[in-house]
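Look for chain A in each of the two complexes below; its partner is chain B in the first and chain C in the second.
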Partner chain A sequence: MSEVILEVENLKKYFPVTNGKLFGRTNYLKAVNDISFTIEKGKTLGLIGESGCGKSTVGKTIIGLNNITDGVIKFKGKDIGSLNNKEMKPLRKDIQMIFQDPYSSLDPKKKIGYSVKEPLDIHNIGEEGERQDKARQLLEMVGLSYYYMNRYPHEFSGGQRQRINIARALTLDPELIICDEPTSALDVSIQAQVLNIFKQLQEKFDLTYLFISHNLSVVKYLSDDIAIMYLGKIVEIGDVKEIYKNPLHPYTKALFSAIPTEDPNIIKDRINLKGEIPSPLNPPSGCKFHNRCPHKMKVCEEVDPNLINVDVNHKVGCHLYK
Partner chain B sequence: MEEKLLEVKDLKTYFHTSSGVVKAVDGVSFSIDRGKTLGIVGESGSGKSVTASTIMGLIPSPPGKVEGGEIIFEGNDILKIHKEELLNIRGKDIAMIFQDPMTALNPVFTVGYQITEAILAHRDISKKDAKKIAINALEMVGIPDAKSRYKCYPHEFSGGMRQRAVIAMAIVCDPKLLIADEPTTALDVTIQAQILDLMKELQKKLNTSILIITHDLGVIWEVSDYVMVMYAGRTVEYTETKTLYKNAKHPYTWGLLDSIPKLESDSDKMLNTIEGNPPDLRSTGKGCNFAGRCPYAKDICKKSPPKLVEVEPKHFVACYFQTEDTSLGKGGQIKNE
Partner chain C sequence: MRMEDMKRHDEIDEETLLNLEIMKKEEKANSFIKKLLRNKTAVVGMIIITITIISAIFSPFLSTHDPNKVNTEEACLKPGENGHIFGTDEYGRDLYSRIVYGSRISIIVGVCATTLGAILGIILGIISGYKGGITDTIIMRFVDGMFAFPFILLAIVMMTVFGSGLQNVVLAIGIANIPSYARIVRGQVLIVKKQEYCQALIALGASNKKIIIDHIFPNILSPIIVYGTLNIAGAIISEAALSFLGLGIQPPTPSWGNILKSGKDYLITAPHIATFSGLAILVTVLGFNLFGDGVRDALDPKLKQ
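== the complex of A and B ==
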């Protein structure tokens, strides 16, 4: 039994939305509404969903960029959700994040050697020479020569910048890396290079990833477990191969069927969903998916289904399975 | 007998910048038959959008300039015809759908106004009739309650609905050719599936030819009959979609096909990648543009650019190994094993 590194229990993150009037009513945008999952050491959990489903908010809340509204986040058994900035600082070493846009996530005025070693300065680790050495080693590990250290971000392509971001995330030897759509701004041939780096580094350092993406093929390639989110809730979670072979939730099925075919000779049977995702400010009652679901029953309008176990490592939140 | 609607021959569009001449499109040839779909696939900077903009006559000049080639639309070279004649073709016979539905619509006018504007620009009919046609088009692209939606502003529409409105605007004048530049890139997969289905349906109904530009091979497999692969401003391979999937010939196409993570494939293996980065478009054109990243490159590849040759019926490849030295045919077979 391997060690559980991240445990999220009943996490909620609501954003207040006012209507602009002084004594107007405050509404809450329930970006993340009661989700739970765990990640074991050295494993990858893929978090999938369409825009607006709250997947990025989950990542940001875990790393402390958002305050939590309710729930518990445990990192190696320690509750980190309620820590203040000062208490959180030593833990930031262990949890790092890689963002989607490689263009805005590097300081354009700093040489990349500086950007990569800066985390060591902040946490006051080692001497200047050692820091430089470490930055050089990291850049070489992600396939960039040491002489790039004195260049500025604008001299690099998107794929190279994303490598620099990966190197910087590794500077402090983290245990958990939250990757928020790290390849969606890249071309396919460059995406493949970056995905391979993720895989190699995981094997080398026994890293744990929370991999957030909307691209199912990418998530399938990297993940051990996947969780599918819809309107702030996890609708299905479990072993990636099992879910891919046997998706149960109607939304998961529709999502899988919407992926463009991988072979022009095979025409997929597509489950066409009606309409689009409702606004999270005004979500439907009961099951959040009921107004688009092809298998809607009466109970779906009234009761929000809980996640239930259907297999050893496969949970689904749908009234069809009971 | 299939009839050619559009034929592009050896098109070259360069941009003259202060740091040199950027050869954005440097020798692209293809044709589209009536009622068929051609997909152009390539990575960022391969010149696929510039090709589309050149056909539409949307290249800003300066710095852009069409340096050579022909664009023959229904028998006329549209690079040579008068500007006023081009206005009659553009928007009417050739319509375009852009990538970003957020910026393709004007935020201060209603969706309905913008669609009728397109109709009135090309047809001599009353505003009332134009409104009827516009509402009809909105219904055709699947916008519910089109009559009241006609009066909405773009911000009241979601991304998928905006893209539907943009498609409605493009089809109101019954175009013969529809150019779609990354029409689904900004959309989620379930919405992408809806839009692709809509485009296929409209094509059947209106017998429109479609030129679809994308970086996503999955989209190509879904909608197109023919596919052209572009790399650094040139056509590297051009054939039927199914042939490209089964029997690609260019090393770049192999790399592209292999580098996509597949749902069926074994995730324990590393992905095959194309090493390196695309070349700087200011310094291309001396040899094969892919030579710097090609694992099979020889001396000749760096000296002169390979020509696009028909290696088997309806299959064009620009690669020395497929046209002169056939030894790599075996390489292709190794790939398939």
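== the complex of A and C ==
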């Protein structure tokens, strides 16, 4: 077993929601409710879930854009959740994030070359000339000519911008990159291009990815392990091949039944879930999925199931498996 | 790809050099000034502003008579009569010279009051928008309070408290302008702060100072500059209004506002007094407005002819 680079234990992130009155009651939106996972160096963990299930919050909390409500985040054995800004700064070099929207993730007033070299400015690494060189190299690595360094972001297409974002994320030679739906704003042909860049870079620099997405095919292509989230909780986690072959949680099954087959003549059994994802402000009791689950039992309404091992690298949180 | 490896890539071939030259040329062609000069209305605005500024600086050389010399025998002469280009006012003072000297007041008040209001407003707006929370609430409620006061009333109160005079006119108009800047800036900061590039900078560990100066400020600058140039026009009008009401610049010092004021009593017998001072205000204000629009277009990198 190789080195564990990121360890998340019982992470909770609640957002206070007030009703606007001065002395009104504060409710808590449980965006991330007690999740745990680990990522090994050089591997990719795919985090899948519906919109609003808290997957982006996980990413933002790990990188320190949100404060942790409870739980521990360990990066290379060091607890980073409790560090203040100053102590965190040297560690920020090693963890980078690629954002979802390629249009708002680059400063429109700054030239591409500046945006890509800026992380070096912030961390005060190297001389100005070296920084420029590095930016040029990085852009060439993601398939953009250094000639573009003096251009502004609006002169690029979405795919190009996302490649610029990748280049910027690589500027500080990070070890872990959190990818928050980096391909969801791109069309399919560009997605493939960007995904291949991700894969090549991972091999080249031994990068570790936390890949957040709602696109099942994308995650399958990139990931070594996957975790499926529902309403702030991980319902199933394990080896990607194992889970795609043998999904156990009713939610995972329903999710995977929505993947179109490659052969249009094969008709798959779709599992159609009823209802909407419940509001995280007022989640159901017991198992969070019980009100939409086709296999609901009495116990589901009362007890929230824990993740249990069903195989060497496959855990599921469902009362059906004991 | 560590720094040491990078140094080996220093050899630049000929093609690179050529491309670098093209890059430099492109950069030059798209500089702010070039873009501004390509815009015809902005050039017109610039010409008007330049004329006003020149007349403000070189008033003693441009004027034909002493602006304060009273000559009752020549009162209310028509334009062109007796060597008075714009005629004379009710005391026989040369109107052209008075308007030339009046441009000094207008330019000083316009620029200084706007700068004062903008600086204070930007500081308040950035603190309010960037910090958020209780700081934001306190600053914005204070600004709301100032907004609730009608501008002229606020200026009148301040002029009465401070007393009249050039400095106090600048102070009153400047302070009265703070709320609009604070509002505009706060709104812009809130938008920019939510953008993913700002989030990315926070994730990179950039200091608040760097984020505000290098990223937030340039991105909120265009609306401020546009509002600022339009605001110069507004401040010129405000000064004229205050002087017209007798609260601003006190006679005999010529200002376009108090010339207009004295002209209103002679609208029938000597309409040229109010007409020329009014035109001076109108043209100058128009110049700043045209220029403001041009600046906005030139500052926006998305607009490229």
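One rule holds in what follows: the second predicted complex is superposed on the first by the 319 of 322 C-alpha atoms of A that agree within 3 Å, B and C clash if a C-alpha of one lies under 4 Å from a C-alpha of the other, contacts with A are read in each partner's own complex, and residues count from 1 in each chain.
One rule holds for everything that comes next: a residue touches a chain if its C-beta (ideal position, glycine included) is under 8 Å from a C-beta of that chain, and two chains touch if they have at least 3 such contacts.
All of these numbers come straight from a predicted model, not from anything done at the bench.
Upon superposition of the two complexes on chain A, no clash is found between chain B and chain C, which fit side by side.
Looking at the shared chain after the overlay, A:Ile63 reaches chain C, while chain B stays out of its contact range.
In the superposed pair of complexes, A:Lys109 makes contact with chain C only, with no contact to chain B. Residue contacts after overlaying the shared chain place A:Met88 against chain C, while chain B stays out of touching range.
Once the two complexes are laid on top of each other via chain A, the angle at chain A between chain B and chain C, using C-alpha centres, comes to 80°, given in steps of 10. Using the contact criterion defined above for the overlaid structures, shared-chain residue A:Gly159 touches chain B, although it does not reach chain C.
Of the two partner chains placed by the overlay, only chain C lies in contact with A:Gln137; chain B stays clear of it. Contacts of A:Asn313 after superposition: neither chain B nor chain C is touched. Of the two partner chains, chain C is the only one that A:Gly126 touches; chain B does not reach it. Look at A:Asp101: by the touch rule set out above, it reaches chain C but stays clear of chain B. Smallest inter-chain Cα distance, chain B versus chain C, after superposition on the shared chain: 8 Å. Overlaid on A, the two complexes show chain B and chain C touching no common residue of chain A. Taken in their complex, chain A has these residues touching chain B: 50-51, 157-160, 187-193, 195-196, 199-200, 214, 216-218, 220-222, 240, 244, 254-255, 257-265, 270, 272-273, 276-277.
Chain B makes touch with chain A in their complex at residues 43-44, 158, 160-161, 188-194, 196-197, 215-222, 241-242, 245, 255-256, 258-265, 267, 270-275, 277.
Note for the complex: chain C touches chain A at residues 1-3, 6-7, 9-10, 16, 19, 22-23, 26-27, 195-197, 199-207, 210, 215, 218-219, 301-302.
Across the complex, chain A meets chain C through its residues 60, 63-65, 85, 88-89, 92-93, 96-97, 99-101, 104-110, 115, 118-119, 122-123, 125-126, 130, 133-134, 136-138, 141, 146-147, 149-150, 152, 154, 168, 170, 172-173, 205.
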